[in-house]
Amino acid sequence: MIAETDKIRLYRKMLLIRRIEERVAEMYGEQKIGGFTHLYIGQEAVAVGAISALNHDDYVISTYRDHGHFLARDGDPNKFMAELYGRETGICRGKGGSMHLADAEHHFYGGTAIVGGSIPIAAGLGLACSYRDDDRIVMCLFGDGATNQGVWHEGLNFAKLWNLPVIFVCENNFYGIGTDVRQSSSLSEVYKKASGYGMPGYRVNGMDVLEVRQACDEVVKLVRGGSGPALIEARCYRYQGHSMTDPGRYRSRAEEDLWRKRDPIPRMAKMLLADGVVSEERLAEMEHEIEDICEEAVAFADQSPAPSASALFEGVFAEHYPSDPHA
Amino acid sequence: MRELRYYEALAEAMAEEMRRDERVFVMGEDVGLFGGTFRATEGLMAEFTSRRVRDTPIAEAGIVGLALGAALAGLRPVPELMTMNFAIVAMDQIINHVAKTRYMFGGQFDVPLTIRAPGGGGTQKGAQHSHSIESWFVNAPGIRVVIPSTPYDAKGLLKTSIRSNDPVLFVEHEMLYATKGPVPEEEYLIPLGEADLKRPGADVTVVAWSKMTLEALRAAETLAAEGIEVEVLDPRTLDPFDWDAVFSSVGRTRRCVVVEEGWRTVGIGAEIAARVQETLFHELDAPVQRVAAADVPTPYAKELEAATLPNADDIVRAVLKITT
Amino acid sequence: MIAETDKIRLYRKMLLIRRIEERVAEMYGEQKIGGFTHLYIGQEAVAVGAISALNHDDYVISTYRDHGHFLARDGDPNKFMAELYGRETGICRGKGGSMHLADAEHHFYGGTAIVGGSIPIAAGLGLACSYRDDDRIVMCLFGDGATNQGVWHEGLNFAKLWNLPVIFVCENNFYGIGTDVRQSSSLSEVYKKASGYGMPGYRVNGMDVLEVRQACDEVVKLVRGGSGPALIEARCYRYQGHSMTDPGRYRSRAEEDLWRKRDPIPRMAKMLLADGVVSEERLAEMEHEIEDICEEAVAFADQSPAPSASALFEGVFAEHYPSDPHA
Amino acid sequence: MRELRYYEALAEAMAEEMRRDERVFVMGEDVGLFGGTFRATEGLMAEFTSRRVRDTPIAEAGIVGLALGAALAGLRPVPELMTMNFAIVAMDQIINHVAKTRYMFGGQFDVPLTIRAPGGGGTQKGAQHSHSIESWFVNAPGIRVVIPSTPYDAKGLLKTSIRSNDPVLFVEHEMLYATKGPVPEEEYLIPLGEADLKRPGADVTVVAWSKMTLEALRAAETLAAEGIEVEVLDPRTLDPFDWDAVFSSVGRTRRCVVVEEGWRTVGIGAEIAARVQETLFHELDAPVQRVAAADVPTPYAKELEAATLPNADDIVRAVLKITT
């Protein structure tokens, strides 16, 4: 059972992610944001439902589609927007950008632009938990396409073999760029791949934040209790193109419409209203509060300075030597 | 003459070779239905169907390994790695299998395999998506490395690569796909191992390839205004390498600048500098200069990325350093 | 049902592999053979049972433990021994050695020294069969340790996804060098890993050549018929160390004795005699014939010349350029 | 002073650091029960149990990735790759993840990770098992490359590497494990980035590392008999690199030979030759010479392998070429 206040928090977080990414799209259009930018719009229920089931000191690791994960993990919207702008005040000092958001303070080990690259690293975070025998756990979020990479296999085998406390959350949005999951995975029901490792596999509706949260609460309890790793497949849909430059000819209009009807945000708003958890007024207020947060984030990024020229050579290593590159 | 974009020249080369030889086929991530991330395989699926234009899972080691197996069995695969960055994921299949099969097995098998992949940075794709790592593949024997700078070179060299019985790593550049240039209607091939003189000049030889050739030509314009005649030589293939062309040019100009987009330390520029000083020790009027990326992971921020990637201004500075 | 003449052939092939490898061990001791040399002794029933189920023009691909596979595929014993000696007359002109035996004439695509490296290549051989729509199939033999490598996952996924005619034969000898399969695979019953790809998996007793052959006959029929790929786990045991330099402290004496009792060669000899398929005399004769083959192979290798100095630069490429390395 | 073998010095370094710091642990294929393929982890399992000495599946990308994750979470892993050849399988985890994590994330995380792996050939292990590919890791920024030639250097540098907050690729050599040398009982550390003068000499500077240092010292003996005084300089670490030591030595001798076991083209020798000619253009009496492996996959046959790997005779020839 999820408390009413929690339900409101979950809704608010989804809304924040949605609205701030709408601003990201806008700023990308104004060329204030560059590089590869992958929007999370449509999948908010997965990040919010799954990550909210964790403790503050648990570990989270992500992919290049990391905006929603970063914000669901309570990352700072100002540092987020400044990073996408490539500013000194960004969470990674402008060195990472959209695909490489990381946040040490929130134990968020960041986005990798290499599909599948995070999987063995997630198992390694779990190894540290098990080595120290603390009761932290790890959550690793990735896409359906990642499950066909070799390192995915290696990471899941290690995790099960060593009984590591890792929850692998596959966001199955049915496509890897333009490729249908049925064209890339011999087992397109991703949760069944867990059987190849003797690991439990679960499937949840990734368009319903409460279902995601409830399932994760249970799995978190098991994994924290020492059950070893688990795989959760959350079925969801991205409403935008793969990245900002995707013509997106590979999906049918009918399919897109079907999934838009399942939009997790209006769906939950309706439910909260129906159950009398919130009033129309409160929802409108919330929109305003979030509008202000987005405004502030954009203003912060706009006013932030570009990295200094010397930053180019900073932070390659912790310890420096004369042969290291310098200005 | 007709003008084509770099990606159109590539697509045309593949289409022609596929029509010519039923054993030639294309495979890779989103090469079919999607038409290729950079449109280089656009239209191929429609003409050749999914039998010969195969969309794959995201599994680069697998893509290269499957292509190798198919090549050993007599086909002529043209796998695409969506970007050169993913050649790192497939490194073992490329270096230990593709490049060594012929030699290790005493020459029993041909390996007719052309791996296409775009490299390079310049659009803020960050540390993991901006690699120019040709040097590793030039260091390891057994695979050719082809790296065209124009639509004309791209088409002619790709056709030659596909017809070769040796494995080729065919390196394109993300920022060249949209560039336009003359490409004749009638068929032509360009042999590997022949540098192309992109601009003659008497004062200094600038060796540059891929996108850096364009930067070198810009620099040459600027310097011409100051009365310095720059010769721009594009090797076009890094393995085989046209040493004669470099040595005879530098033999005349007595000055050499090498430009590469990759990291400076142990880059290809180092090899060229080392060989030039070995071969023309007494002819050189100045040390061979290298223009290359700073030895840092490529940063995302626009200003920082611009500061680390070499450009025409850097080339001008390097030339002036040894000509004035 | 396997004909009596076939049974004799199977027995004879196992015996040839056993005896010739005993000579290999001897010659390694005399330092006529160097490098990494991995004996197949104990596992003969797998190679002979599996590979004999194929047609001449089917494709076979192996690992660094490839002696048995090469010989089961009718590779020439003289060229085999000369290769291990590193002589010009070797099957790979002395460039490959024990780990890299290949034989184009017999469609044997050789040994790789990279664990798992052959798996996607095998799928690629299968892709060629399916592309040409001929009725060839592919057999890929590898060890239990290889199943944890990323490329194994990628190769099996591709094979099933594209319905390629490939039989993956895992020789589960329970160890990867000194590591117990239970310490390396979360699913130590290897055949069950097929479930992760929706592929059929079978288990056979790899110490019984007839059982291996019968199972392979059936699977070959299915795969040639278009069923798509299959995984066969053949449980077996290597009697020698991992390579010639392995102290082998990691296996118990009791375990080794148990498996020696299951030696596929005496076991089959007994059966052939009991069923009256062969006489003691015929078996003795066979030993002599094989003794002669081994003698000749060693003599051939001893008399063969070392590669010429110029061979160093030959065969890196098919097409040559001035910048290529040369004497 | 007490003498230890190279592998004993390594095992001692790991044992000392594991006693000193509970966060240090070892993982790899057969490092535990088996004691390590080359005995470098012998005895560790007995003292530290399987919690801190972990046998792994054969999955190098996984091994490196897990070690990275553990390092990010505050441990100090010392993963072993059974040989350098398998670094190629783990290339993406090393280059794109281990080496880039600090920079790409704006310096938020330390990456205290030491990857040990033996490289090199010389015992007929063939094309896929004889790699000397340090150059690729020196080319890519973000990871240190340490490559000791003696038991003394091996112990002191490994301890320093394990205590570093930066990732280190620690390259050993299969043919050095059995070599013996003095190693003091009392603790010592050797800083990275400091070359060691293995033999002083006035006539020519020979830069060599790992097993090639031993070949260089043999060559120096031979040449001393002919009255040529060779200075043998071992950089000991390739990143950081002690340029001052090389420049000051070559500044005196005015002649330089670089020796490496890896392939010649785009090897580390190329970088050293390029920098020396850049820095000492007017001081050099002769072009910098490179002694390296032929650009072919390493063949199995004893005679061919011997012909391709550099040795003392090759060094002698290279020195004579520029001294007489």
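We call the chains A, B, C and D, going by the order they appear; numbering starts again at 1 in every chain.
Keep this in mind: contacts are C-beta pairs under 8 Å (C-beta built on N, C-alpha and C of every residue); 3 or more make two chains touch, one makes a residue touch a chain.
Note that this is a predicted model, so its numbers are computed, not measured.
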Chain pair, A-B or B-C, that carries the greater number of C-beta contacts: B-C
Maximum centroid distance from chain D, chain identifier (CA atoms): A
Interchain centroid distance [CA atoms averaged], chain C/chain D, Å: 35
Cα-centroid distance, chain B relative to chain D, in whole angstrom: 31
Centre-to-centre distance between chain C and chain B (centres being mean Cα positions), rounded to whole Å: 39
Chain D, residues touching no fewer than two other chains: 56-57, 59, 61-62, 85, 89, 92, 96, 103-104, 126-128, 141-142, 295-297, 299
In chain C, residues with contacts to at least two other chains: 92, 94-96, 100, 112, 114, 148-151, 154, 157, 161, 183-185, 316, 324-325
Complex contact set, residues of chain D against chain B: 85, 88-89, 91-92, 95-96, 99-100, 103-104, 126-128, 133, 135-136, 138-142, 262-263, 265-271, 273-274, 277-278, 281, 284, 286-290, 295-297, 299
Chain A-touching residues of chain D, taken from the complex the two chains share: 25, 51, 54, 56-57, 59, 61-62, 64-75, 77, 92-93, 96-97, 101-110, 141-142, 144, 164-166, 192-193, 239-244
Footprint of chain A on chain C - complex, ascending: 148-154, 156-157, 160-161, 183-187, 192-193, 195-199
Footprint of chain C on chain D - complex, ascending: 29-30, 33-34, 37, 55-59, 61-62, 85-86, 89, 123-129, 294-297, 299-304, 307-308
List of chain C residues in touch with chain B within their complex: 59, 61, 90-96, 100, 102-104, 109-110, 112, 114, 117, 119-129, 131-132, 150-151, 154-155, 157-158, 161-162, 314-319, 321-325
